[in-house]
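Shared between the two complexes below is chain A, which pairs with chain B and chain C, respectively.
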Partner chain A sequence: MKVYINSTSSISPQQSFDKEEYLKDWASHEGTYLKAQEPIYKDIINPRLLRRMSRIIKMGVATSLTALKEAGVEKPGAIIVGTGLGCIQDTEKFLSDIVTSEEGILSPTAFIQSTHNTVAGQIALLIGCNEDNFTYVNRGHSFENALMDGVLRIKEGSNNILVAGADEMTDEVAAIIKAMDYDQVDVWGEGASAFVLSVEGSETSVELVGTRSLNNLSEEEVSGEAIEFLSHHNLTSEDIDVVIVGMNKEEDSYIQAIKAVIPDTTLVNFKRVTGEFLTAVAFGYQLGVNALLTQSINDHLIIDKGEKTSFKKILVYNHYFGFNHSFGLLSK
Partner chain B sequence: MSKVYITGFGIVSSLGVGVELNLASLKGFKSGISMPSFLQTSHKELPVGELKFSNEELGEKLRIKKCQSVSRTALLGLLAAEEALEMASLQESDLKRAALINGTSVGGMDVSELAYPSVLNNSLKEYRNAFENHDCGAISQYMARHLKIHGHIETISTACSSSANSIMNAGRLIRAGMADKVLAGGTDALSIFTLNGFGALKILDPQHCKPFDATRKGLNLGEGAAFLVLESERSVEERGAPVLGELVGYGNCNDAYHQTASSPDGLGAYLAMGKALKIANLLPQEVDYINAHGTGTQNNDMSESKAIKKLFSDDIPVYSSTKAYTGHALGAAGAIEAVYSLLSIREQVVFPNLNVEAPMDILPDPITKVQPAKIQKVLSNSLGFGGNSTSLIFSSAS
Partner chain C sequence: MEQLKENLKVAIIEALNLEDVSKEEIDNEAPLFGAGLGLDSIDALELIVLLEKEYGVKVENPEDGKDIFQSINTIAAFIEKNQK
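Now for the complex of A and B:
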C-alpha cells in the first residue's frame, strides 16, 4: 500500500509559509538562535483565540490548518503531533510564576497551555475532530514517531492523517542551552511543519516510500544502514537524486558517512534554514516534497551539486547528537 | 492478525514497589495517600500519593550509584520496567530488538524545577545536570540505555492518557507485525510544577479524594510507574512464555470540547470505549468490570458516568476507580490501572472504590468491597487534558 503526502505547510526561520515566496529572499539572522518568520496569523486563526496562544501553538495550528486546507480535508482521520520540548514558553512562565509567588496563588492559564498535547488538542478543538489524537515527545525522534504513526494509520485503513512537527525557542531556553555548552551544534532554531498523508495521490502529491528510525549508531553503521534502507526499498545509491541532510555543524562526521556511500548526488543541508531543534527534520521532509514538486532547491542549502538536473527520488537523513538517526524516502 | 499477549507486568505506586505490595494494599483497603515528605513543595498540607522512598533509596534498588541528577520519573519507570521484564523472563538477548514505548506527562521536570530558581537569580553553576534530562524523551532514552533495549523507542505525552496510549501503540505495532516484544507503559513523579498546576485549576481535594461520590471535591495527585511486556503470538510460541492475559481492544479519540475540561455528556469517553469494543469485537455486556478513570473531580466523574451510562445503558458492569488508593499519577495512571485490571483478572476480584459515602446518582453504586467475581474482560479508561480519551480492554489468556 502506498502512502502519499498530499499537502505540506512550513513555518521556518526563512520565508517558507507563503509558497510563492518559498526561500526566495535569504534572511540573515541576529541573536542567539534562528527565529521563525511567522505569518500574519489572523488570516488563518480566529483572532479571538489567537490572543491566548503561545508561539508553538500558533505555528503548529497555522501550518496544520493550512496543510488541511491545501489537501481539501475538513476532518482528518487522525491528528498526530511531534514536539521535542512542547510548550516551553508556557512551561517557563508557569515555573517562574511558581518561583516568584513562592507557590502562592497562581493563574492556571500557563499551566493549562504548558501540556505537551496542547497543539494537537487545539487543532482538534478548532476543527471539531473527534478522531485519534496523539502527541509524541521523543527527543530527536519526536517527529519521526509521529510520521511513523501516520504511515501505520494509513496501513490500518484510516485516511487523510494530519502529521505535524513543532518546537518553539525562547530567549530564556536559548540562554540555558548556551550555558549547557554543547559543542555539537552551530546554531539552534525553531519552527513547525505539517503534512497530510493519504492513501490516494494526485499530480501534486509526493509518495512517502518509507521511513526508518534507529538509535545509537556509529558512522560506519550509518553508512551501512543507509544502503540497507535503500535496498529494503529495492534501490541503490545511484537511484537517489538528492540527499537532504540535517548537519549539526558544518563538519559533521555522520554526513561524511552518508556521502561515502551515496557520493555523486546533490547534497542539501536543511538545517541552514532551521538550525538545530528536536523536530527540525520535519522541515527536511517539507523541503524534499517542495523540491520534487518544483524541481528546484535554493542554492544556499546545497553542499555538493550532483549532475542530475531532474529529481525523482530524495533520501532524507537526520541525526540528533549522534544518538537519534532517521532515514526517509520521498518519490515523485 | 497476531493476538497481543501480555507476559509480564511491573508496578510502582504510593502503595509500594512491586505487584505484590500493590495487590496487598488493594485487598486490604490501604490507601497510599499521605502528606508529602519527599516532594520539596511548600504545600505540605495537600495530600498526595507519594512513594515513601527518597531518590537515593530508589537508586540503590536499581544499583544506580550517582542519581542526584537522575529524574525520579526515570527511577520509578526503571523499577516497574525491571519487574515486568523479570516476570516475563526476558533475557538481555531478547531485548536486542525489543521496543520501548513510554508515556509521561512532564518527564524530567522534577529535576529542572529545582534548578530553575537558581537560573532566575543567575546562581546556577552546573546547567547540564539540571536540564539535559528535562524533556520526556530523555526519560525513555535513559531507561532504554539502563535496560539495554536496542529497538524502536517511542515517547507519548498526552497528559493523563499517556501510558494508556503507550499500551495501545504496543498493540498496534504487534498487530501490524512491526514488533514482537514491546515494553510499554509510563511513568510520572510528583512535581512542584504539576501540584501547583492542579492547585491553580482548583481541582485538588484538600482531603482524601472521593471518586464517584456526590460530594467529591477533586483529585489527589500521585506518582508511580507501570510497564507491561506485550508480545506477538510468534514470540510467545518461540519462547514458550506463559501468557498472563491479552490486550484485546483499544480506542483513542478526542473529546474536542475544551482544553482541560471533559464534555458534560462524556462524548470522548463514550467514543473511546466504543472504539475499543469494536476492535475487541465485543458487545458492551461482555465487559465484566470497568476500572474507571474516576479522578474525583466534579467534571471527570460526571462526564465519565454519563458516557458509561450511554454506552452500557441498563446493563452496567461493576466498576470502581482505584485513584483513592494511588492518587492520580497522570501519565502513569493508565499503565498502573492496566496492571490493576490484569490483577483483577488474575485474582478474580474487583478492587473497591474507597471513600464513597454518598454515591452519585447516574450509575449504580461503584464497588466498595473486595468483591469476588468472574472476571474475564476488563475495560480501563484514561481521560486527559486536551480532550484525550483512551480505553483499553484486557482479557484473560484464551
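Now for the complex of A and C:
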C-alpha cells in the first residue's frame, strides 16, 4: 500500500508559510539563533483562542490547520505531533513564576499549556477531532517517530493522518545551550511543519516511499545504511535525483559519508533554512515535497549541483549530533 | 475608585492577553464572562491570581467568584472592601 503526502505547511526562519513566496527573499538573521518568520495568526486561528497560545502552539496549529485546509480534510483520522522540547516557553514561565512567587499562587495558563502534548491537543480542540491524538517526544527522532506512526496507521486502514513536527527556541534555552558548551553547531533554530498523509494521491501529492530511523552510527555505517535503505526499496544511488541533508555544521563527516555513496546528485542542506533543532527534519521533508512539486530548489541551500534537471526521487537524510539518524524517501 | 477601575482594566487586559481589547471598550457594568468579554473558567483562575498578586486580595470561597467577577464594578468593590 502506498502512502501519499497530500499537503504540507511550514513555518521556518525563512519565508515558507506563504507558498507563493516560498524561500524567495533570503532573510539574514542576527542573534544567537534563527527565529521563525511567523504569519499573521489572526487570519488563521480564532483570536479568542490565540491569546493563550505560546509560539510553538501557534506555529504547530497554524501549519496543521493550513495543511488540513489544503488537503480538503476537515477531520483527520488521527493527529500526531513530534516535538523535542515541547512548550518550553510556557514551561519557563511556569517555573519562573514558582520562583518569583516563592511557591505561592501561580498562573494556571502557563501550567496548563506547558505540557508537550498541548500542540496536538489544541489542534484537536479547534477542529473538534475525537480521533487518536499522539505526541512523540524522542529527542532527535521525535518527528520521525510521529511520521512512522502516521505511515503505520495508513497501512492499517486509517486515512488522512495529520502529522506535524514543532519546536520553539527561547533566549533562555539558547543561553543554557551556550552555558553547557553544547554549542557545536553552526546555528540553532526553530519552526513547525505539518503534513496530511493519505491512502490516495493526486497530481499535487508526493509519495512517501519509506522512512527508517537508527541510532549511534559511524560514518561508515551511515554509508552502508543509505545504500541498504535504497536497496530495500529496489533503488540504487543512481535513481536518486536529490539528497536533502541536515548538516548541523558545514564540515559534517556524516554528510561526506552520504556523498561518498551517492556522489553525482544534487546535495541540499535544509538546515541553512531551519538551523538545528530536534524536529528540524520535518522541514527537510517539506522542502522535498515542495522540490518535487515545483521542480526547483533555492540556490542558497545547494551544496553540490548534480546534472539531473528534473527531480523524481529525493532521499532525505538527517542526523542529530551523530546520535539520532534517519532516512526518508520521497517520490513523484 | 475610578482610578482603581481604570488600573484594573489595564491589569486584566495584560493578564488575560486580550490583545484586541482596549480599556475604553470595557464597560464598568458589562458582564466579563459569557456575552461580555467572553472570558471562561481559566480566565476566572487567572483573575483570582491577579487579585492576590496585584492587590493582595484573596478570594477565600470560590463560590463567591461568580458575584465578585461579574463586572469591573463588582471586582473594584471587592478589592476596596477587602484590601488591607
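The rule is short, and it goes like this: the second predicted complex is superposed on the first by the 331 of 332 C-alpha atoms of A that agree within 3 Å, B and C clash if a C-alpha of one lies under 4 Å from a C-alpha of the other, contacts with A are read in each partner's own complex, and residues count from 1 in each chain.
Methods note: a residue touches a chain if its C-beta (ideal position, glycine included) is under 8 Å from a C-beta of that chain, and two chains touch if they have at least 3 such contacts.
Note that this is a predicted model, so its numbers are computed, not measured.
Asker: Would you check which partner chain A:Ser107 touches, where first means chain B only, second means chain C only, and both and neither mean what they say?
Answerer: A:Ser107 contacts both chain B and chain C.
Asker: In the overlay, answer first, second, both or neither for which of chain B and chain C A:Arg48 touches.
Answerer: second
Asker: If you count the residues of chain A that each partner touches, which comes out higher, chain B or chain C?
Answerer: Comparing touch counts on chain A for chain B and chain C gives B.
Asker: Both chain B and chain C touch chain A; at which residues?
Answerer: After superposing on chain A, chain A residues 105-108, 112 contact both chain B and chain C.
Asker: For the complex, give me every residue of chain A touching chain C.
Answerer: For chain A paired with chain C, touching residues are 47-48, 51-52, 101, 104-109, 112.
Asker: Help me check something: in the complex, which residues belonging to chain A touch chain B?
Answerer: 79, 84-86, 91, 94-96, 98-100, 102-103, 105-108, 111-118, 120-122, 124-125, 128-142, 145, 149, 152, 155-156, 172, 176, 179-181, 213, 215-216, 278, 323
Asker: Chain A touches which residues of chain B in the complex?
Answerer: So the residues of chain B in touch with chain A come to 41-43, 105, 107, 113, 116-117, 119-120, 124, 127-128, 131-132, 134-138, 140-141, 144, 150, 152-159, 165, 169, 172-173, 176, 178, 192-193, 196-197, 199-202, 252-260, 267-268, 271, 384-388.
Asker: Enumerate the contact residues on chain C facing chain A in the complex.
Answerer: It is residues 15-20, 38, 42, 45-46, 48-49, 52-53 of chain C that touch chain A.
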